[in-house]
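Two complexes are shown next, each including subunit A; its partner changes from subunit B in the first to subunit C in the second.
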Partner chain A sequence: MKLMIVDDSNIMRRRIERSQQFEELELVGTAGNGVEAIELFKRTDPDVVTMDLTMPRMDGIECISLLVALKPEVRILVVSALADKATAVEAMEKGANGFLNKPFTDRQLNEAIAELMR
Partner chain B sequence: MLLSGTDRRRQLITAGVGTVLTLVMGLVLFVGFRIATEMRANIAALQTASTLQTYPDDITRQLASLRDRLEARAYSGQALEDLRGTVRRFDRQLKELNATGYVHSQELTRALQLWQEYGPVIEPVVSFNGQPYVDSDTAGSTLSRDGRTHYAEVKRAQLFATDNSRTLQVQLATLATSLQRDASGAAARLRTLLSIGVLAALVLAAAAVWFQFTRARHERAAREAQDQTRDILMTVREGFFLLDAEYRIGSVWSDALTHMFGRKDFAGLTFEELLKNLVPASTLATATKYIKLLWGERAHENLMKSINPLGQLEITMDNGHGGKETRYLQFDFHRVMGPAGIKQVLCAVGDITSSVLLARELQESQDNANAQLDMMLAMMHVDPLQLVSFLDGAETGLKLVNTILKEPARTDAEFRKKLSGLFRELHSIKGEASALSLSSIASRVHTLEDIVSELKKKAELSGNDFLPMVLKLDELLAHLRSVREMAGRLTALKEGAHAAPAAALAAVPAPAPVQPAAARAPQQFARRAEDLVPTLHALAERLAQDQGKRFKLKLAGLGDVPAHYVGTVKDCLIQMLRNSAVHGIESPEIRQALTKQDVGVVSVAFQKAADGFELVFEDDGAGIAPDTLKAAAVRRQLVSEDEAAAMDTRTAMALIFRPGFSTQDGISMDAGRGVGMDVVARSVYALGGKIGVSTHPGRYTRFKISLPAGAASSAVA
Partner chain C sequence: MLHEQELKTFVEGTTSFFEVAAQQPASIGSPYLLEGTPAVHEYTGIINISGKREGVVMFTAPKAMLTVLLMKMQENDFSHETMRDLVGEVANTISGNARRDFGREFVISVPSVLSGQLKIPQKPGLRSFIIPINWRSHSAKLVVSLT
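This part shows the complex of A and B:
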């Protein structure tokens, strides 16, 4: 399965990349905003996406809508520090499969990805 | 109750066995009916065949009789009639036997064939209807011509019958035997069938009994399960209910729900109706969307718990005693899956009030610990005397706040006057605490200020509105006491640190008498005179802003204040500065009207004097009128009217140093507490100094404090 990481924080992108322990997940690329994410998605056709919500140019919610429109079976895990639950629920309504709060431990991340791939 | 797989299989087997046995019973009855019908036909045929066996002999015998009668010229009519009847019956019954269709034996066929052969010879006989005799007198009765023909036919028929009757009889006997065998066979089959039927009936009855027993057992188990479910729902502390696709609550829920929501009408209630008066509309809308996500296939249940908008819900309910209470509820949602997908959503509601309050207490405890640490660190940078002075002032101020709170008030105006007094006093304490970087005190006072601010916004005020302040005030006073205690420990710590090297150097081995640490602290540590300047400027700025006054503070020589006088000098200056800002300096409008400079001047000068030090404090304000002081002293019952009248100007001016004196009837933040100049005077006297005041109404007020050159003998109170 192919993995794409979307987060405007370079540190967070590297953190997710290093922490995930699934051999069957091949990282096809990372994006720092929604626009980059869409371009990368079209090029690499990932199966699993971790998605930040608050990002420049295009936020996560809009990006999720577009990704799901492009590939309905894509699995999206929102990884965000957002405190506003209404926005988090909106992200799920747009098609995200799950939500992981920042900050998170490696174990929490891997359990969430495992649940996502189930 | 849910049926297990084994139970379901057992029911299916029971139903299958019952169906098969019923079908077997039906088949047995049907076949039995067929066999019985066949048997009845066989028996009828057998009876007929048995009867028919006698007819050939009867016919032969009757033909012989007829012949005999014809030969004897006797009356033959009856014999012919008997023969005719026998032949007709035999013919009819034989044909009927054939017509039933039940008999298809060769014997019957042969019998029929043989009987057909009888026909040509016997038919002329039985169809004879002429007169066989001719009577004459001579010959008597003789055969007539027809009679002779008839006689010949009878004779021929008799011969034929004699030759064939035995054969016909054997055929009919064989037929009867065959029919009897068939009947016996049918009877045996019927017996077997009935046995099978009885057996099937027994098995069916046994199956019915077993089924009934099983059903009773299952019903009992179901009742027990229902009882257990009811017990669980009555006992469990969580509220459980199911939501259908239209977000309606099902017909079963746990009793805890009743206590949590104070209602019992849950069946059919929508989730929105359950919560609409308990949570904000926006939260409810988000919660509804959240539940909708659970009905969808896309969202992973385990990956959306962290965004549950009802994870910690604060609700206010009637406590059943006429009051209100706040509870914290936690809603948890789980999909209930069926063979066709999501059937329902299980909602579990937990009362987490204790956990939330405990977490808060822990947090508060942590905050307190942090605050104490901050306070310790802050106190290490504050002059102990200054700190003690602040604590005294703050405690006095808070006691005043308490007094204001206790003052009777009825009208809204009175309540608002209270609020104004409280706000100014609190704001003053907060400002001083902030100036000393005592953030834990400042933040607590700020909380009180917030309460006052909120009350100010209320349209109508009542005494109950002030109750929360009393609690917070007690907390603050307790905190001040702990700060004071900490200050004492800190001072002792510092003293210990300083005393150790001193003891090592001391030539006298005997230790010095131990004094209370707090009492010795002011003499042990150097004070920072340079801190006075910014503190006083900040205070002046605040006072000017609060009082709507404009004045300039001129400070001179404060850098020369000896360390052991810094605290006292500061306390004195703070108090005198307050007095000037409130009583002395006039408002700009008044100053203009009096043709004075818009901006007043407060000057402070510290300098060495011949026998020590001199601190001069002066403002160019309104001055003090002796008569005003006398009137205030009388109002406060510090002196009688007579005494006041007898006072000269010097004695009258000395009134301001008496405890409890204030010219301000109303309460204000910076004056009017009755704890002003008396504290200053006591501080000065304690150091062995003197204080004097001179004034000129409309022009100035000047305080002169003289302090001895040597160290003070005791700490300032």
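This part shows the complex of A and C:
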């Protein structure tokens, strides 16, 4: 399965790449905002996406809608600091499959990805 | 103007960041009110707040502290850009977590970052709460200035 990581923080992108422990996930690319994510998605056709929400140019909520329109079966894990329930509900309504709040431990990340791929 | 309970939200957010991301708790000092412009450290991550409240949330820290924090986060890039990325991410995380209590009308911007400045211009009349952060042998602070 192909993985794409979307976050405007380089540190966070590297952290997710380093911490995820699933051998079946092959990282096909990372993006720093929603616009880059759409372009990368079209080129690489990932199956699993981790998605930040607060990003420049295009935020994660809008990006989720566009990714799901391109590939309805894509599995999207939101990884965001936004901790209010309304935002989580909106992300899920747009097509996200899971929600992980920052800050997170490696274990929490891997549990969330495992849940996503189940 | 912030109420005491609201200030607690930011104290808890700061505590949580260090416990989880740095895997080592920080000692959070008593918040205090500062009239005027707060002094800052070498790197400052700034989140502009709009919506139901207006103002800024800033995390400011010295390079030495950020270097150790990056090590604890298993990072091996200690460049100027990574320091800037880190203070922005800390400010973003603490501000975003505050929506747990403030709700989604507490709208946060993407981070902007200043480095090498000793003072940051502030809106006149806006008072700042300073939350002192002591972690290992280093000191940083969270500055919360909200209407």
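As a convention for this text, the second predicted complex is superposed on the first by the 118 of 118 C-alpha atoms of A that agree within 3 Å, B and C clash if a C-alpha of one lies under 4 Å from a C-alpha of the other, contacts with A are read in each partner's own complex, and residues count from 1 in each chain.
FYI, a residue touches a chain if its C-beta (ideal position, glycine included) is under 8 Å from a C-beta of that chain, and two chains touch if they have at least 3 such contacts.
Note that the structure is a prediction, hence the values are computed from the model and not measured.
Asker: Taking subunit A as the common reference for superposition, should the pair subunit B and subunit C be classed as clashing or as fitting?
Answerer: Overlaying the two complexes on subunit A (C-alpha atoms) leaves subunit C and subunit B fitting together cleanly.
Asker: A:T54 contacts which: subunit B (first), subunit C (second), both, neither?
Answerer: In the superposed model, A:T54 contacts subunit C only, not subunit B.
Asker: To the nearest 10 degrees, what angle do the lines from the C-alpha centre of subunit A to those of subunit B and subunit C enclose?
Answerer: 80
Asker: Regarding the shared-chain residue A:R15, is it in contact with subunit B (first), subunit C (second), both, or neither?
Answerer: Touch status of A:R15: second partner only.
Asker: Applying the document's definition of touch, where does A:L77 land relative to subunit B and subunit C: first, second, both, or neither?
Answerer: Once the two structures are laid over each other on A, A:L77 reaches subunit B alone.
Asker: Look at A:A86 in the shared chain and tell me whether it touches subunit B only, subunit C only, both, or neither; answer first, second, both or neither.
Answerer: both
Asker: Considering only the touch criterion stated at the top, classify A:L116 as touching first (subunit B), second (subunit C), both, or neither.
Answerer: After superposing on A, A:L116 lies in contact with subunit B but is clear of subunit C.
Asker: Output check: A:N101 vs subunit B and subunit C. Expected answer is one of first, second, both, neither. What do you get?
Answerer: Both partners, subunit B and subunit C.
Asker: If you've got the overlay open, could you tell me the nearest Cα approach between subunit B and subunit C in whole angstrom?
Answerer: 5
Asker: So subunit A touches subunit B in one structure and subunit C in the other; where do those two contact lists coincide?
Answerer: 86, 101
Asker: Could you list, by residue number, the parts of subunit A that touch subunit C in their complex?
Answerer: 8-12, 14-15, 18, 54-56, 80-84, 86-87, 101-105
Asker: Residues of subunit A touching subunit B in their complex?
Answerer: Answer in residue numbers: 77, 85-86, 88-90, 92-93, 95-101, 112, 115-116, 118.
Asker: Which part of subunit C faces subunit A closely enough to touch in the complex?
Answerer: 16-17, 20-21, 70, 73-75, 77, 81-82, 85-86, 88-89, 92-100, 102-104, 106, 108-110
Asker: Which stretch or stretches of subunit B touch subunit A in the complex?
Answerer: 282, 285-286, 289-290, 292-293, 298-300, 302-304, 306-309
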